[in-house]
């Protein structure tokens, strides 16, 4: 039972996130075509390709610095709503991850800070059908029972995000490009909430892969994975 | 799905090549910041209030080609349909700043709002004061705070260009632009979809006999999907909604913009203009000027939008003020 | 065949409604001859050489909307893609005549030629002298006498407007317009077809991956059907053919028109402009002005044409002369 | 054996021509789509609708006046190349039809005059792939053996025009909207030559009806028809 992720482990997990979000391009764009402007997958793939490059260019480093590198790359290269939202997510977490490894407490503080920062930046609240609806339950999961095995915690965070994403199907949009849709948006999940789920899944080492949209929540099981080192 | 055929090189280079092409239309006036998606005027008078406009690419000539004398001092472009990131906006801000602060004018979308807001904070850290007046003219949503910015940007950028060229202070300039925003109403209709140039895929689908009233310029759904109807009927519906919204009333003087979303013929727009003017006559509303063109486009989407701007003397003068920019044609072409 | 969806009323009324719509863009200046497809300026100075332009409808804003100060005194429109009949041309001729004769400028097509020639005979019977300078800029045919008139009309009408406004006699005006015609070369390319608005049927068919170089503005076939190629390669091919034709040579100064046939995005035209300017730089040819727009359209055909006009001092002055007409926008929009 | 067409007979035949050319709209436009701009059928239908109206408005009259009425209507309402070409055809014939009935000699003189007038007006010659290639053999047929039954003569004129139209398939275009086509025009008949064939067929009382393009020449048989009065 490991209670921390060291710098090398974090690096591998972040690289896995970068690859997963590039692989999810078509799934995410298709979701955005339903209730947005159809570019979310392209935007995320662009940003995470830049993040992957930044991680590789920077080489090994402290976990917080790695999160910062990803956040800066997303901020500068995604564009769109997603760039700020996901850039802010990683940068907020980076500020809370101070040591040479990530512990459960870092995840709790980091995700809470991210939740607050994204909500402040974009003016949306949970329930508005955005990625906040996946982020809020994820933060809650991270701050639940303390002293848990951290890999199991990561999987639970991913599962919580997935359930949150699934729940956005039933929400009416109140912000972003879906807002004129009103009831026509019912039944479709929020693309950013899906993205966040894919991020947590890949970070947890849950093999998500491209899947049917409807399966996203159910697919986020708690399966552990050995960290590559 | 059939890819829509276009005249492109590597799709990854679209935005960059378009910016280079724009610069070559007005080399004496325009410069591109090397490696960035930022264009700016070569000569910006010291002490002038700066004007930065921008947003996602794919709506050309809006916004990138609206830089020039009497218009924006700098523009910043994102990828197709994606707001530009903050560091690019900051570059444009620095290029436009001449000591009196910088006004931001762009469409009211979550993505643009957040990116420009971050840029504004970064600018403030560098000692550059900014103000923001978002275009929010699309009446397809009921709640004015949530309204998208569509073709009305044409007028709002024009007014902002005038305000920043003639007013001494940022606040003063912003106030006139806010008056423009508050008196600006638009509504669009889509008849056939456009496509994402990177992938060639259609941005939405419409049935063989369907149109969508209130369709957004990124292909976001509108207020209502309807059966194709005669032009006159469609115009009646659109004018009715527009007049009721502000509301515009008997005796008002307005400027009218008929914006081509991309692939609609100029002839169709004249058929629209004919009926629209009959209705405005009946409503007792005077049209001071009409601008017809493809300014805020959505790739090769077929359809158009109508924009009404209620004028006062100052706004009318702002629209008449001469400008020179590669994407801004005076007159009706 | 799927009907192309358009914003129309009764298809039989298209031309008439379009003309009414144009008049409403410029009511102070424009009048329609009741019941006819003729527009003319409200005030034409006595003693001015008259200028009549016209041709089939369906290419809007060309020619009907090119009436105004500094441009044509009257326009005459046929049905879609069909030359106007002689009696209509005669009405336009009479409307434009102010004692000094009337110049005809229109595209070189058998139908237009015959109808305008008959009209000229009818005008002569009524004591109105006429001269004709046909637009014949399309290099898709080898034989210059047989060349069609396409987007180059934009410049030729502009020069004619200047000539008729500033020259004392019909002969003298015609000579300058002939010089424009002789130095004017265009070549188009079609990527997707347009449709006949009366029937909604496509005017031609192209394979999923095909383009046609030299396609005419009525959908007449061009010089060559080719596979879709990168924009840069296409522009190289077109510029090569154009430069070789006059030929244009090192040191020449030209005006360049990039005309949108209808549904091509402005962004694509900028990608074209970028490569075109690189090639002209290499060839040592100076570009004095570039006009980008959808002036000579072919319904919603996707594609564009490039027009090069070799300038001398007088032709350059003619292009710079200010004009005011609903279809003619100065600048790049 | 009738050797003349009286005014009433001419009127009925001209009305039949008007109806036939309106009915041929799609056939003629399809032919023009192959080598021109696709509007020939619309143009002819528009012109002959106006001609029919003019004939009805004018009421009975001398044959020459009726031809003139048709010619004027075509001139004013077709537009395009066809308006002048076919307007000139009818107006030229009108000038040669002077009496109260049409005789073989009128047809011969009328068609020759038309051939000359159209060629002068448009600058084309037989062989250039225009309606002249149907008009020339028609005029020749009209001026052949004298003193023939006039209805049989009309059928022969129609048949000659049809053969001429068929022959345009093998010609290279030298004028009009087909001229850039060059060899690509081979195999397609000239739309105006088809129209002229339909005009003569309807005037002769040969039931042409819409048919496959390839069948146009062969279809122009010599079947007589009783004039309606």
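Brief remarks follow.
A, B, C and D label the chains in the order they appear, each numbered from 1.
The criterion applied here is as follows: a residue touches a chain if its C-beta (ideal position, glycine included) is under 8 Å from a C-beta of that chain, and two chains touch if they have at least 3 such contacts.
Predicted model, so just to flag it, every value in this text is computed and none were measured.
Separating the centre of subunit A from that of subunit C, both taken as means of CA atoms, is a distance of 55 Å.
With centres taken as mean Cα positions, subunit B sits 33 Å from subunit A. Taken pairwise by the contact criterion, the protein chains link up end to end in a single open path, with no chain closing the loop. Chain pairs that touch, as defined above: A-B, B-C, C-D. Those residues of subunit A lying in contact with subunit B across their complex are 33, 36-39, 42-43, 46, 75-85, 121-122, 124, 174-181, 184. The part of subunit C that touches subunit D in the complex is made up of residues 56, 78-88, 109-111, 113-115, 117-118, 140-141, 146, 148, 196, 198-199, 201, 203-204, 214, 216, 218-223.
Every residue of subunit B that touches subunit C in the complex is listed here, in rising order: 2-3, 5-10, 14, 17-22, 24-26, 57-58, 60-61, 65, 189, 191-192, 197, 208-209, 211, 228, 230-232, 234, 262-274, 277, 290, 292-295, 297, 299-300, 302-304, 324-333.
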